[in-house]
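Below are two complexes that have subunit A in common, paired first with subunit B and then with subunit C.
Then we have the complex of A and B:
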């Protein structure tokens, strides 16, 4: 019986390959393959890809909640920027730390996790022609995450959790704070389970042919890293919650730091993997780019899975009680193999765009392909800016500050938030914004309003974040601490120039906030009053390029691609990297000897 | 096409510039990795993480003994303490002050014990911008050689409650 069913499945699978969409191939009982189902899916009017309606629903609510948390975090952000801008110094210290706690959790945890669950549901359904595994599981996941996030935000506003994102023990918050975080983490794990279950069903019932698409592969890498990160979260948060209830003794502060950052830093690697998957996705949607070599791109994602999980050490480089050997091995992700992965993606993403543009006839000079690129498409400009900010500012500073000894002149200064706002905001958040410019037309089926404003939004946001990150980095090099409401009490320790850089931080923060606000207004406005595009291809940024065309092979690797523009770009990157890296060693050599 | 399944025979080694770039990137990663052990052998600024378990109260007692034995003056109500050149020095972090004010000699090497009485703190030595973590229960030992004379500021750079930004101390080098 079973084998008969399986035969039937494989017949269906071969049908699917030739399936012209909507054709009647529903003779089988394959209830996982979208294109063979009578209902529960629709064919996308713009791309021809099958959209699972269950998945679409959960993508929508997760994305809407993500944007709500982005707005909450953004309002906190502008208050913080106006406080660190020393000349303004807006908030009193209690509200500064309260807003800092709110900002960290809403931006780094809620906005990103809700959006990532949406990305996962998309990557495992539409791209695999598969039905979402379970509505119930998706509801449980969403419910736990929403309730948890609500609890955390409530308890922060009640002033009972002024402990910042990291809540370093012995600092203690109200138990509801930890319980909320645990709910969000477990809810996310449940959503990730739904993703893996859908992958399994898709494979088991052969809803697609061959290997999964690269974007699904990248999303899977992100999901695997998320499981490891969230398990660390459970290990550290459950005892801390129990301690806050008075049930057990206080966990060791060093142990807390090590395991907490197993959650905290690894979550950022989830973001990196998801962001890179989105780079590939948007590059394809906007320019028709194909990976030059699937093996290389996938191999780089595998490097993330294998090596990125030991990054907890980045936060313990000048800690007591952990030895130098442990620090060196872990901080370098085992000889920087995860950095290698990012450097590979940093080449293959622009190179694939260059090849696609040249193939379409934009062959003038070295950079003719780049000037002719679809800059009027905000999704495209968002990911270009995301690649540049992530690589040139976030990546270079991150590896340098995470060098064991250089961390002595960087730890807990503003250089650290200067770095991670370039990775997680200029990189991840901007990439998520770029993708949203397609999520709304394709999955909410509304064409964007005010397209001109949308076109400048990524530039405004990216410009603000860049200015803010650079201001932070320079102020941090002069010793200004992060997470401090006011530097006035130690004013004589800093040069006058520090106010220029803190001013840059403030102005950059204002610009980035305006960019964020514009994004939220455009997106929410489109959802409310945008013109429906149901039944026709999306209009706002033109139809996604090249999708559904099978005439050009997707694996590449056969022919050698010429990408002179990309070669020059990565060359500039490597030089900038080396200059910044060795300049920091030189600066380190100037401080007092210590061991 | 990143949104579609690749062709069956996608497993291929990279070619051309992509291959060269992977090689260069790998070489650069190894250079960066080797810099760290190199600096431990030949560089002068390292964090070895030398630390000993200590009860906060016990550490406070040691600091008090150290202050009693070596006090040379007072600055804004805080004792100024001059440890023997090349000897042990103690610094206590607590909400929200550094205790005591240390007076060191340029060119001498000290074993500086730092720990916290309550929450986590961070020592940031300014304008040098040298930073280390301070944890309760851990006696963090920095073997440090001040090389330049002057009056230095110590600020706390780990969030430690509402008065965190007021946690400012002094260190004098002669």
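Then we have the complex of A and C:
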């Protein structure tokens, strides 16, 4: 007789086959299909999916390094939060800039890129029933990335690269700083090549039939955006490295800013595409949700591929060298197509969960499906919080701040980090944390320790980030500049109330750091002393109760896709969006009152 | 052969685009390079040098 955990995980296995994750795989014998190989793969005990052992190895080491860089960036983050909290003002200015450089590179580049390479290897092998293209290429990628990240962090700690993440010229760091970034960028590009080569081989040898699964499609979007970002990285970093060596003259600072943001902003769009793919994946793993309409979801990813990169221009909205037409086209008309894509995903992910919950009988009231959702599952709560923070705080502020006219009252204030901490940390990092609650049991084959603590971790982290982002946004609205360790010289200009918001920033930073530390301790502790689940399904985090009402598409018809709860939530979002946008235009009008 | 061609004809062009990662890769690289990078680069090249005081 099967145990309860086995029964629940067998449900997951059927969800995986039927929904977002499972490609239609052919059993015909060929030399690239995992299921027909004599060795080099295993069948996942929980999902039934084939796992390429080469890919599993590189997913593991990339994920471990990602968590190490997350911890380094997190330690820098708490020091920064305790400095911007004016009452504490912990660090002197030189160490503030050192830690800000360390924080930016480890959190926005290393943690994210290492984790994304892990996601790409998973999406192109397990989900396509294909073996990884090349183990050697994967080693080259990982080696370059690890050496490059090590070089960058070493130079920063030596105090020879206090130039922040952006390293705007004419600020100049030690050549090893630029060389390290080039190594990380090229190493990532090599990893992306391995992903595309695996896609090619999987398609050529027909390891699957029809279209790739939605999650693989989302990962492909992330990989394409990464290519654009890394091309810009090469264009800007190679001449800057040569300048730091004294081989060539200084590149033009305005040119540097424009090309650098082709790397800096677009690397965050890689995160967005990967994050959305993870939303769909975790929704399937936790509730059995499947996309309402695959074509619409894929179309939204195509909008990302085509239009999300040009939004880099909103970093240059106050630069004098580029004209208004270039700015408005790239940040408004075209960028809104990518915003539309985010809003499509923001609707379809919760709507697919609502449909899945209603299919399982949770039809009481408008929000009965939501209250009955698997909240004991930290992966589920992490992606719900990720969707909410990304949309309500990061998305609304991002579109508003990306408007050329409004940007003039917000540029270089704390409102900007208030926005991107909601997208990159509250959105992406939280989604990556949520996925990790499945990555460790499924690919490291260890069940999590201290599950009760794991259940509160996403809430602690999300609560802290929300408080910090809101505190930053309000302090920035009062004029507090970003990238400065101390506002004391200008404190009178801001007013006393600004200390309340900087206090929110500090308290939020402490809470978020505790959430991050808890995540790292739980994950590392599980890898070291967690119970092995090899040969059996992973221990279930908790699935929604099946009340036994299974409407099929044929019997349910239109009823099958009714999502009144999600429609109301989306309505609340749109009202909040309109109010915030209008309030900012009003604030702009107040700058130049007509008397 | 004929059956395969008929099936391909039936598939909508947007679906064929979505099933072709190489076409998406080319479009995804070319559009931002033209709209953001090349256009922005040309704008910067057209900025006249500042006169020395």
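The definition used in the following text is that the second predicted complex is superposed on the first by the 540 of 595 C-alpha atoms of A that agree within 3 Å, B and C clash if a C-alpha of one lies under 4 Å from a C-alpha of the other, contacts with A are read in each partner's own complex, and residues count from 1 in each chain.
By definition in this document, a contact is a pair of C-beta atoms (placed from the backbone, for glycine too) under 8 Å apart; a residue touches a chain by one contact, two chains touch by 3 or more.
Note that the structure is a prediction, hence the values are computed from the model and not measured.
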Of subunit B and subunit C, the partner touching more residues of subunit A is B
- Query: With the two structures laid over each other on chain A, which partner does A:527 touch: subunit B (first), subunit C (second), both, or neither?
  - Reply: neither
Query = For A:574, is the partner it touches subunit B (first), subunit C (second), both, or none of the two (neither)?
reply = first
Counting only touches as set out at the top, which of subunit B and subunit C does A:75 meet: first, second, both, neither? neither
Check the residue A:211 against both partner chains and state whether it touches subunit B (first), subunit C (second), both, or neither.
both
Exercise for the section: Mind working out whether A:199 is in touch with subunit B, subunit C, both or neither, as first, second, both or neither? Expected result: second
Between subunit B (first) and subunit C (second), which, if any, makes contact with A:254: first, second, both or neither?
both
Would you sort A:321 into first (subunit B), second (subunit C), both or neither based on which partner it touches?
-> both
Tell me the contact category for A:313 with respect to subunit B and subunit C: first, second, both or neither. second
Thinking of the overlay built on chain A, is A:330 touched by subunit B (first), by subunit C (second), by both, or by neither?
-> second
Both partners, subunit B and subunit C, contact subunit A at residues 211-212, 252, 254, 295, 316, 321-323
In the complex, subunit C touches subunit A at residues 14-15, 17-19, 21, 24-25, 27-29, 31-33, 35-37, 39-41, 43-44, 47
The residues of subunit A that touch subunit C in their complex are 196, 199, 211-212, 217, 220-221, 224-225, 227-228, 231-232, 252, 254-255, 258-259, 262, 266, 295, 298-299, 302, 305-307, 309-310, 312-313, 316, 321-323, 326, 329-330, 334
Subunit A residues touching subunit B in their complex are 49, 93-94, 97, 127, 162, 164, 168-171, 208-215, 252-254, 257, 280-281, 283-285, 288-296, 316-324, 327-328, 331-332, 335-337, 339-340, 343-344, 347-348, 351, 399, 403-405, 407-413, 477-479, 481-490, 492-495, 546-547, 553-555, 557-558, 560-563, 566-567, 570, 574, 577-578, 581, 585, 588-589, 591-595
Listed in rising order, the residues of subunit B that touch subunit A in the complex are 1-18, 21-22, 24-26, 28-30, 32-33, 35-37, 39-40, 43-51, 109, 118-120, 122, 124, 126-148, 152-153, 155-166, 168
